[in-house]
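Two complexes come next, and they have one chain in common, chain A, joined by chain B in the first and chain C in the second.
And then the complex of A and B:
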């Protein structure tokens, strides 16, 4: 992908994000990403509000239409496709793990986890770490085929380690690059690369 | 005298004094403690942390450890009347790591070690359940291969046991465990213990079973034991959800003696530990074995009732009771809910799975950008989508509630709504988006979307019998004065609601620097009260007051 499409792509995944966050996901220098974003705003492909950017609907559709061209090789790459399928399998466990983080099974009923039970929280974070270790070879295989994707593995590890160190917001807070936020962005990235639709 | 291992009681008779928790780890210690209380636990022995350190230093088992493991197995055989790796009544083992401090990255449990081809046949003959025996063998191999990748999957069970012990020792030095210790200032030479326990069979015959008992009801706090029992089943069957567990009445009729022993154990463990217990147990041929007992997780309503009851029963003091109720639990109890009878006669627009509790009303909007725009203009909106993706998060933040047509309780919409605290209903089926434009009320607990804005009721803390008691105790003990808004003189200090309204919570710490008093409804939010508390505020005015009081009492 050229720099313009990379920035469009990153802005589509990291919606309503400021320029530095879009640059990091696109794997471009911050100044270059900012220039591209300004050009996209000037040409009506993106809008900016309070320092955050979003694609206009038409630019989003046009970008989707170019994915088939950009990712044709990856879609045929057996190793990449196998890694993607591995990701989808682990994704089922990830969703259950995050749900177990947010809820407690109390006598057979699911209630909101208010994080007053330390043992439960530690056990779930330990499971998240075990899941991350299972995901590492997959993240490695994805990045081997498309080096830009190493961004996700780095961000996931950083979120996991922050959570392990007791900063629990890094598990699933939606307003930061928590483990769940980055995982879902990677899922979105992979769905776009593969040309698939999200199931739920 | 054993150098590396400790025997942990067995059939109700303590074989040794309570061991040092630092040497045997938390799990072994609690087994020993239950045994010391005279309760039946499956016999076990533990390899202490000294053996772990010797192994990690030398790269092989220290002299004498293998012989002591053999002795431990012989002791388990004598206590259970079973034999390890031979005979027609097989001894199967669980192997668990157990450091004095729990940490991430340590090895998971290996179950059913001791089963092999002959063991499968013996187990099938003994239980009359060939499918179960084959399943046990398969589950063991899966778990063993995942946890001990270089271990002998076939071969002698003794070799497998040694490989599992080495895997536990080695897990002390996984990258995650090392990093955790570095970050938390935990010494690298503490080492982990390994607990080796005989497995009991809840599916051996008609007088066997397995279950979970809470010493009080964990949902509403009723001071009555509450539990589930699954006759002729193993623990994995309960977790799998393939079987519907029965109530304790069923246990009473199947295995009355074990039922009586369980209720006695429940009362004893609750008294000894001074808190509600969650007890895992198995009944093998009519005899009760306790597998684990720990403080029970509980719903908010149960937390407040149990705290007050235990003070009234003289089991704990007020300070302990207050430490067992979180500010968040109280906030949850005070959330608005549908007024009694409000949903009667209301048109049910859609119904699905409740993914995040709470009630909210607003205009149904099917586009996240539109939701954000209309919410910014002051309108209450409810976002409805087929499914959600990261593209929708800004709309979910803006909305009062979220509804999706597809997906279940682990879907993106469910996870994000819970993270945001938005009432959420998922999986309503097609048609919900077509109702965009309608004014609706979402009941996130019941999984319902009603037409119109239904009346809600917000409980008041003073009207709640248990909360009122907690408030009285907390006022006496709190280092912070918390006054209810609207009482007495105009409130002193800084206006929290104005600061949050203008600059968000990020601006709070700065605005509060050097302030000793603050007021505003925002202080009833535990997170905001914590920021104020950390900034040194000692006088708060808000409504309700109990969440702020509990924050003030947090250590």
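And then the complex of A and C:
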């Protein structure tokens, strides 16, 4: 993809994010990504609101229509497709793990986890660590086929390590690149590469 | 998206090195959708480009293909501008509404939504959903349908009116993170309590029901979500146990 499509693609995955975050995901220098984003806003491909950028619907349609061209070879790459399918299998466990992180079973009822039960929290973070070990060969295979994707493996590991060091916001806080935030973005990336729709 | 296994195909225009993107987003979207279709038909034909372009394209690229291009553009929420009133009169679904006619259309009308007369508290049952987590209190707000990307962009730019309850089709991502936190509550017709949206709303501590079946709630209505109901659990889903949280239309003095 050229710089313009990389920026469109990263902005689509980020949904609504400031220029440096889009640049990091696109793997471009911040100033170049900012120039591309400003050009996209000027030509009606994106809007800028509160310091963050979002694509307009037609820009999303055009980008989606180009994926078949950009990712034709990856879609035929047996190793990449196998890694993607492995990701989808782990994704089911990930969502359950995050849900268990956010909720507690008290007297048969699911209530919000207030994180006062250290044993529960540590057990869930242990499970997240185990899940990450299973994910690592998959992340490696994805990045071997498309080096740009190493962004996600690096971010996931950083979030996991911070969570294991006791900074629990790195599990699922939506306002930072927490484990769940980055995992969700990787899922979105892979669905776009493969030309698939998200399953509930 | 095509799923058939076909060799990657490049069109001559894909190799045009100095072609700038079209000035108009609509032109760019249309051209890219057409090229995607042509690539697919070319790959299926197995023909050389010259033979395809000069002999086969007229029969292999069909009217139905172009109808699909139009449909993809409309599915994004885009509506064409019109210069002659006859366009909008003949095809109202494809064109921008005339001034003053723009609305959010009718609300959800799910066939399985339960319904009941208002109780003594003015609560008229209009639907149910799966509560993502149990809250201390129920939540009331003003119904705001979010069913198009244009609406999302509008809310991103102008903010969400205070006390709004979002009503959305699916959890796939119409509702982006920065506007989720501005809602008082969310009613989502798709997904489960483990969906991404369920995870997000728990993080933001915003009441949310998934898998909702709702009928008879219009934009701007006063609605109440039974956020204090038990959450539906993983085991419930596995065992097929329903655990509905109720959704009410508030009537009379309660509205």
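In this section, the second predicted complex is superposed on the first by the 199 of 200 C-alpha atoms of A that agree within 3 Å, B and C clash if a C-alpha of one lies under 4 Å from a C-alpha of the other, contacts with A are read in each partner's own complex, and residues count from 1 in each chain.
Please note the rule applied: a contact is a pair of C-beta atoms (placed from the backbone, for glycine too) under 8 Å apart; a residue touches a chain by one contact, two chains touch by 3 or more.
Keep in mind it's a predicted model, so treat the numbers as computed, not measured.
**Q** Could you look at A:99 and tell me whether it touches chain B, chain C, both or neither (first, second, both, neither)?
**A** So A:99 meets both chain B and chain C here.
**Q** Report for A:180: first if it touches chain B alone, second if chain C alone, otherwise both or neither.
**A** both
**Q** Looking at A:120 after the superposition, I want to know if it touches chain B, chain C, both of them or none. Which is it: first, second, both, neither?
**A** A:120 sits against chain B, while chain C stays out of touch.
**Q** Which partner does A:84 reach: the first (chain B), the second (chain C), both, or neither?
**A** Neither partner.
**Q** Who does A:170 touch here: chain B (first), chain C (second), both, or neither?
**A** In the superposed model, A:170 contacts neither chain B nor chain C.
**Q** A:112 in the overlay: touching chain B, chain C, both, or neither? Say first, second, both or neither.
**A** Touch status of A:112: both partners.
**Q** On the A-aligned overlay, A:198 touches which partner chain: chain B = first, chain C = second, or both, or neither?
**A** A:198 contacts both chain B and chain C.
**Q** Figure out whether A:43 sits in contact with chain B (first) or chain C (second), or with both, or with neither.
**A** second
**Q** Is A:16 contacted by the first partner chain B, the second partner chain C, both or neither?
**A** So A:16 meets both chain B and chain C here.
**Q** Which chain A residues are contacted by chain C in one complex and by chain B in the other?
**A** Residues common to the chain A contacts of chain C and of chain B are 15-16, 54, 95-96, 98-99, 102-103, 105, 109-112, 172-174, 180, 184, 188, 198, 200, listed in rising order.
**Q** Given the complex with chain A, which residues does chain B contribute to the contact?
**A** My answer: residues 102, 104-106, 108, 176, 179-180, 183-184, 214, 217-219, 226, 228, 245, 294-300, 302-303, 326, 328-329, 332, 356-357, 369, 387, 389-391, 393-394, 396-397, 404, 406-416, 418-420.
**Q** Residue numbers of chain A touching chain C in their complex, please.
**A** Touch residues, chain A against chain C: 4, 15-16, 43-45, 47, 49-50, 52, 54, 56-63, 65-69, 72-73, 76, 95-96, 98-99, 102-103, 105, 109-112, 172-174, 180, 184, 188, 195-198, 200.
**Q** What residues of chain A sit close enough to touch chain B in their complex?
**A** 12-16, 54, 95-96, 98-99, 102-112, 114-117, 119-120, 122, 125-126, 129-130, 133, 161, 164-165, 172-175, 180-181, 184-185, 188, 198-200
**Q** Which residues, counting only chain C, touch chain A once they are in their complex?
**A** 1-3, 5, 7-10, 14, 21, 23-26, 28-29, 31-33, 35-36, 39-40, 72-73, 76-78, 133-135, 148-150, 152-153, 156-157, 170-173, 176-179, 190-196, 198-200, 202-205, 230-231, 233-234
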